[in-house]
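Heads up: the structure comes next, in structure tokens.
We just call them A, B, C, D and E in the order they show up, numbering each chain from 1.
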Amino acid sequence: MWKTILRRILIMIPEVIILSILVFLLAKAMPGDPFTGSINPKADPAQIAHLMKINGLDGPWYSQYWNWVVHLFHGNLGNSYQYQEPVTRLIAGRATNTLWLALFTMLLTYAIALPMGVFAGRHEGKLPDTIIRFYTYVTYCIPFFVILVVGIWIFGYVLGWFPTTGSISITASGWLNTIGSRFYHILLPGILGALFSTVNIVQYLRSEVIDAKHSDYVRTARAKGGPTKDIYRHHIFRNSLLPIAAFAGYSITGLLNGSIFTETVFSYPGMGLLFINSISYRDYTVITALVLIYGILNLLGTLLSDIILSLVDPRIRIQ
Amino acid sequence: MNKKKLVLSAVAVLAVIGLAGCSSKSSSSNSSGEKGASLKLPDHYTNTKATDKAATRNGTLHVAEPADAPFAGIGDPNLMSNNEDNDVFAPGAAAPGSINALFISDKNNKIIDGGLANQRLDRKNNTVTITLRKGAKWSNGSPITAKDIEYTYEVIANKASTSQAYTADMNNIKGMAAYHAGTAKTISGIAYPDGETGRSVVIHCTKMTPAMKFVGNSFIAETVEPYDYIKNVPIGKLAASPQVRKNPLFTGPYKLDKIVPGESTSWSKNPYYYGKKPQIKNIVITVVSSNNIDKAIQSGKYDFTSPAGVMHGTDYKQLKNLKNYKIVGQPELGYGYFGFNVGQFDTKTGKNTLDPHSKMANKSLRKAMMYAVNNDAVTKKFSYGISWRANTLIPPIFDNYWDSSAKGFPLDIKKANKLLDDAGYKKKGKWRVQPNGKPLTIYFGAMTGTSAQAATYQDYLQQWHKIGLNVKFATGKTMEMNSFYSTLEAPKQNKIDIYDAAWSVSSEPTPTMYTETSVQNLGHFATAKNTQLINDMNSDKAWNDSYRAKIFKEWQAYMNEEAYVAPDAFSYTWAPVNTRVKGYSLKSSNVDFWSSLSLTSSSMK
Amino acid sequence: MPNKIDQQSSISAADLTRLNQEAQSEATPSTARIIWNEFKADRPAMAALIIIVGFILFVMVAALFIDTPKMMETNIMNYFNPPFSAQDWLGADSAGRSIAQQLIVGSRNSIGIALGLTAISSTFGIAWGLISGYFNGYVDWGMQRVYDFMMMLPMLMIIIVLVTIIPHYNAITLTLIFSLFYWEGTSRLIRSRTLAEADKDYVAASITSGTNQWKIIFNQIMPNISSLIIVDTTLSFAENIGVETGLSFLGFGLPSQTPSLGTLIANANDPNNITQYWWTWLPAALEIIVLCLSISYIGQVLRRAADASQRQGMTN
Amino acid sequence: MATEDSFLTIKDVSTAFKINGQYYDAISHINLTVHHDEILALVGESGCGKSTLATTIMGLHDPDETRITGEVDLEGTNLLQLDENGYNQFRGAKIGMIFQDPLSALNPLKRVEDQIQEVLDYHTTLSTAAKHDRVMELLDQVGIVNPPRTARQYPHELSGGMRQRVIIAIAIACKPDLIIADEPTTALDVTIQAQILDVLRSIQTENHAGIILITHDLGVVAETADRVAVMYAGQIVELGSAEQIFNTPKHPYTRSLLRSMPQLNNESDDLYVIQGNVPSLRRLPTTGDRFAPRIPWVPASEHEATPTMHEVAPGHKVRCTCYRNFTFPDEKGSDRV
Amino acid sequence: MSLIEIHNLKVHYPIRSGFWNRVTDSVKAVDGISFNIEAGETYGLVGESGSGKSTTGKSVVGLEKVTSGQIIYQGQDITQPANRRRLHYNRDVQMIFQDSLSSLNPRKRIEDIIAEPLRNFEHLSKDDEKLRVLQLLDIVGLDADALYKYPHQFSGGQRQRIGVARAVATNPKLIIADEPVSALDLSVQAQVLNFMKRIQQEFGISYLFISHDLGVVRHMCNNIAIMHKGRLVELGTRDDIYHHPLHIYTKRLLAAIPETNVNQRAAHRATRQAVEQAYQDQQARYYDADGAPFPLVAVSPTHFVALPADFAQSLAHAEQEVQA
């Protein structure tokens, strides 16, 4: 199994290399440079050239790329022009926030979606099923940011139940307070994100449950004389949940995309907001690093899904 | 959105600067527009309520910093590069925008005694002597020394420095160029009469200029750096170091307790502050998305927005009638303007040259375009009075220099048409053609911004269409800020003929961005008279204040006459202030902004 | 040997017309007819179909009568006109532009983008999925690597970067940019079904009948996944109508002079608009929801029609 | 075989499925008894209702989609009257079922042992260790060579024959009186089929169970069954001992089936072909003999208007009177009756 | 000359494993079989699932990528796709599939299905083509109104007849019938088998009839090959195989066929169990050290068995004596 994972990771390497070249070139192709308009007008052109040079912005693209890669291998992604600190440190701080939020959203998503999907599948065609399906249709049709914007307006401003900005209150002290404050800040975006991302899982799980319900092995289980609840617990739930569990890795992709919206609306300082800001500031080092990181996270998500699936499904054991 | 302002190193000092990309432009005002704003905002809030003792003991002042991005968190005035950092570290300074500043100034921004240090200019010996007040201390209790003054120059000028604050004018200090180039280890022009730990430094210059009398000039750095505290950090790495990020030192009334990177800062009283004793136990400054700032204020979460924070006209409309908030404001250090592309920058000689054959080289055309713009109406509708039509290129906050009598370009379609007719721009079909008969299409460059700005730009186009000029957006739409500036900064370009942009200026108003050699002279105009006038502003004669004012006014008249760059709008810098706040005053005479503040109640209402 | 067949069968050329007519009268209705019957049987679905088709036609035609540049002119006097007023029955936005007119032109633009995007990405995705699924071996391996790589790309980020790079981007370039990424879901779906189909004996039968590989892919296999294709395309279309809204919200959408549902909904990114000037964004949001729901509903019917023909196959 | 020792009596059972809101009988008016120690084969072509009868006895139909009438009496209890919980006392305990497709009938995610033990969990109070022992015993009983190893495996790791043995182990775990085997060997190779049939028979001997063996393969029936019920279009058309059915078949359908088999000793060129098709569920004739359309040369007068079962020999019953003078068209005058 | 000669045909599927996912082993689906198909004859290929009989059939018709060996048709090795194309091989060699539903494209009308090979090989005019399809339908006993219907509207037996019609459309010389009746009910099976026989007689087609059902094979085939583990274990005439089986595997298969003679079921079971016992006990004598069948040796001009020559001869003698 470890060998297979290692091999998968090796296969990823060329993909990551191509991605790195791609993002590097894309970033270079963006108009303007990080100093556009920000140079002191009294500074002479030599000073600008000097700054470009110490930031590795001179020379042809391949030499810039090569420098970048060499630094990359030293764990050095360069400095953010906008934030004047090492990109690794900058992103590390933001990544923590994004991961907190993503993790919470994911847990909440599953906490909401699993009962809903199972319930809808179990009562296929009945009223609760109709209601749940209507909910999924409507949610599917509403743009994500509309949910966020309306949500922050109602619960953040009108009702004032939740903070509307930031990741933690500065007045929080002590570990309990700190964690509490962090949690309080991700609560609303997490709930809204979860409400949105349940849709796919609910629909998928529902049809899985319906399939499982009509499967031969459930018929076998019924022929064993098991009570309905045991049959659901031992056979239907478990078998329908497996593909969903494997979905978890892939859902990282969705959460990362969503983070760009959530963090923008909630001024939540995570990687998504950092990306949007960096685009405006042409902060290449940050842009390239973020795209690369998101790409690698996507890859790892896929790998994770495969691993989970092989762990939980004996038919797909990785040798 | 993108209101990337290019700020400079903080201190209300530094020279000109950045482009206030998008703050609200446009203005209201009476129809003739000579006298500035129709809306009069008070520059202070007189709160007569008694100060609650409990509030003083336990109260927390909540300040909102409107911003689209988390702040960078560089707690050093010479290294920070955006407004947000300046704002969130403001309580470390006596007054907003003067973190670790040496000097205080009068209402004309002239340096006066009584600050952290006093300055003496010696025109005979070409020296500047700066003397620290006695017993001045950093917020950690260690003394402020002469070396701290000098170290500012090292931080700015060091070869490895990430600071953007180094200016060509600093080469005026002896030995500075060599240090900057890395050929000298120390700056030979800076001397310590009583040693590095003493209280004074003497700066030897090659020449003295009148600008040196004012805060915000680009010749003399006006801050201190805590040398002892940061001496072990290589200057190239200073901006990323914890000494600057986590626990920066300040000289102001409050000291930094805690910082949540990108989000908020928390402050408590600095017992070592030399000036007026601070009165509030705790100050918290939090970044609030500029989209949400109105809702945040309306729901009563903050006492006021950062005094220098960017607030739009639409925000004013939303907030002006709140019962528990008062609006306080003063004219902005900056202005919006129209620029015309009339030349190119010669990279070899480093000079801008006028191209007499360029599309916009005709003065009548430029002026006609300006007279066609209905800025009075536009600003009134979209900014609710916090912007108004500008009449010159010097903002009214510079009382001495601003020419209040300048007419600017009020709406006058008739005059515009006449100018064009006289200059030979005849109508051929729907549009006017060039005097030589060739068709005329003018490309307008504008930055993507708020919806009000988009509407404004659209209105400009419509107005120009009214006088028969075929004006189109360059690239067909508004431009994202970076594309906009990278297009304009090209030495020679023909994509944009006229553009709308903004400058925020330093408290010393010499318009260096319009000089023959400036790379920020985006329209590349250069005339002998302009060069002469700007040089005169800092000539020996200009030590005479009234002469200097006269030159400034002459320059304003000249610019309005030639219209290479034409004024667009002036604005207020303003903030909603909660009625529990006492002592809020933006008066420039209030050198103790932060320590003057107190709370009348411990709970916000 | 044709003679042999002639000898074995009593049918000769003389009977051809008669038999053909007989056969014709017994002919089974086509898939299209089955789907149509399904719609006729399902009133809500019919209503959804009428709404969609009627709305699209209305928007396409009405948009012809609107002078877009004129409509997008700033009209200071109409600044945030409330709805149901004389000039603008749906009100006006911050530049005094009619929301109703913008809604029509914006719908046209958004639907146009959705149609273009669906056409490009579905065609590409279907072709990719069919080819990759049919040919195993190196072709499939190579195509799968490309697919994996595309899947790894953080789509939204790359789109934003591309949008900022392209200087003269407009609805068409935007459609093309989206098309770069939106074929993936379709291709995966189609590929997995093609893999299953390619294993079926009728494909083997076609091979042994000497049919060329491309004909097998597009004439034999594709019709068999047509119901999947129809349903997937329908649902993609529903999704694609709102595709540019997210970008517009983040500020990377269509140019401001090109109204779209996205630019209208993006008005909601100013919280003041949410409550005070709700008419600037709400109608567009509702429209997207209604369109998307209707199309999804139609998709359900199509899916049912497809299933029904299969069920029929089992009971007969 | 006296009726007294029959422990399962199926009385007048009909099962109808709902199709587009209307009910259609899949089996109608079935009467059968099953005795201990016997294998009763239900034979017929696909669609004749064999499996429906099995699932009806097991109570596995969705009550919303089916309408079941009649009585299934197992040792004094009418199963059709039971609610779900009541039924569960019988399923697995008194009735075991063996399914056709051994792969899909096993939960792919559970080890063999867990799947067998599940029955014991539901119906016994044995200790865990005792259950484990019982599982090993069962696996051994169904002829699995290495029970501990197989018990730890997952279904996909087993061959088709092994899987079917596991299913049998599940079915017999609680020593049920009745085992219903629904096409237990159809998916298997002929050699494996023989082994599985041997296992079934040995189980029956050991447990004294009654087995209902559902199959379409006359060979399997001839090899295994004690009694045979031939089904056509939802009805039993002939019922008798294996000897009676194979040696003296009466009903035209039974005779047609036997005649259309490629016999090992029959190398003639043409096989007998029954005319027409099995009617689909929705087109079942509601009156008259359902097989009549497929023997059109038999005059209507030969058929009963409402066909009933006639006892032609002790224990040998035939539906409808048409059997009396039935001959195949190509053997007119043959003396075979 | 034989219609088709198969020489040492091998079809191996690679198994990849190890760190670099290299091919480390292979599943030997077909592992070196040779036989000839004569014109007009019927060959039965019998074996259990996984014995490689279907793979062999598919290789002959060109559906399977052959690992090694040759299939010679008209002097050309048709394991090369180019040769198949040039010879219009599939006009002469056709196939009938087991699953009649999946072998007919559910989205195509019957006319298009039957005409498919015609369109590829014969290029008839529209009317001629339609006429040919109608005639073919007539031959397999279907009415003209089938023309514009879809496969799912027919019963299993009718569909299989449509499959037959398609297979004979181009007047092939050989039809590979892969379990053509195993999915059908008894009565329908009889119908299809009758058609296949009739068509063979009338058109002089050769069949390679693949089945696991020895009863059906016996009914249909004059020549029978028994396959096991990818190799042929016994090859001979119907009489050779059914009455003089030599290989223990053949005997076991024959013994496992259920008898319809109820009166002798006990005896039959005893025989079967005895053969099964012998099969279990005597593996070593009948298979080589790797458990694979030996190469074929001839025991008579028509009868071949996969055993060491001497052992085969002794078995043959013993057999003759028993018969005598």
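Following the convention adopted for this analysis, contacts are C-beta pairs under 8 Å (C-beta built on N, C-alpha and C of every residue); 3 or more make two chains touch, one makes a residue touch a chain.
Here the structure is a predicted model, which is why all the values come from computation and not from measurement.
**Q** Considering B-C alongside D-E, which chain pair is linked by more C-beta pairs in contact?
**A** Looking at contacts between chains, D-E has the larger number.
**Q** Point out which chain occupies the most central position, where each centre is the mean of Cα atoms.
**A** Centre-most chain by C-alpha means: A.
**Q** Please report how many Å separate the Cα centroid of chain B from that of chain C, as a whole number.
**A** Chain centres of chain B and chain C, defined by C-alpha means, are spaced 51 Å apart.
**Q** Quick one: report the Å distance separating chain A from chain B, using the average Cα coordinate of each chain.
**A** 39
**Q** Approximately how many whole Å separate the CA-defined centres of chain C and chain E?
**A** A distance of 47 Å separates the two centres.
**Q** In whole angstrom, what separates the CA-based centres of chain B and chain E?
**A** Measuring from centre to centre gives 90 Å for this pair.
**Q** Which chain B residues touch at least two other chains?
**A** Those would be 1, 292, 295, 480, 482-483.
**Q** Among all residues of chain C, which ones touch two or more of the remaining chains?
**A** 164, 167, 269, 271, 316
**Q** Two-or-more-chain contact residues of chain A, please, as numbers and ranges.
**A** Residues 30-31, 152-153, 157 of chain A touch two or more partner chains.
**Q** Which stretch or stretches of chain B touch chain C in the complex?
**A** Residues 1, 291-292, 294-295, 314, 318, 377-378, 381-382, 448, 451-452, 454-456, 458-459, 462, 473, 475-478, 480, 482-483.
**Q** With touch defined as at the start, can you tell me which chain A residues reach chain B in the complex?
**A** For chain A paired with chain B, touching residues are 30-33, 35-45, 47-48, 51, 54, 79, 82-86, 89, 93-94, 152-153, 156-157, 160, 164-171, 267, 269, 273-274, 277, 280-282.
**Q** List the residues on chain C that touch chain B in their complex, please.
**A** The contact residues of chain C facing chain B are 72-74, 76, 79, 93-96, 164, 167-168, 170, 251, 255-258, 267, 269-272.
**Q** Could you pull out which chain D residues touch chain E in their complex?
**A** 45-46, 160, 189-195, 198, 216-220, 222-223, 242-243, 246-247, 256-258, 260-264, 266-267, 269-274, 277-278
**Q** Touching residues of chain C toward chain E in the complex: what are they?
**A** Per the touch definition, chain C meets chain E at residues 1-2, 4-6, 8-13, 15-16, 19-20, 22-28, 31, 200-202, 204-212, 220, 223-224, 226, 309-310, 312-314, 316.
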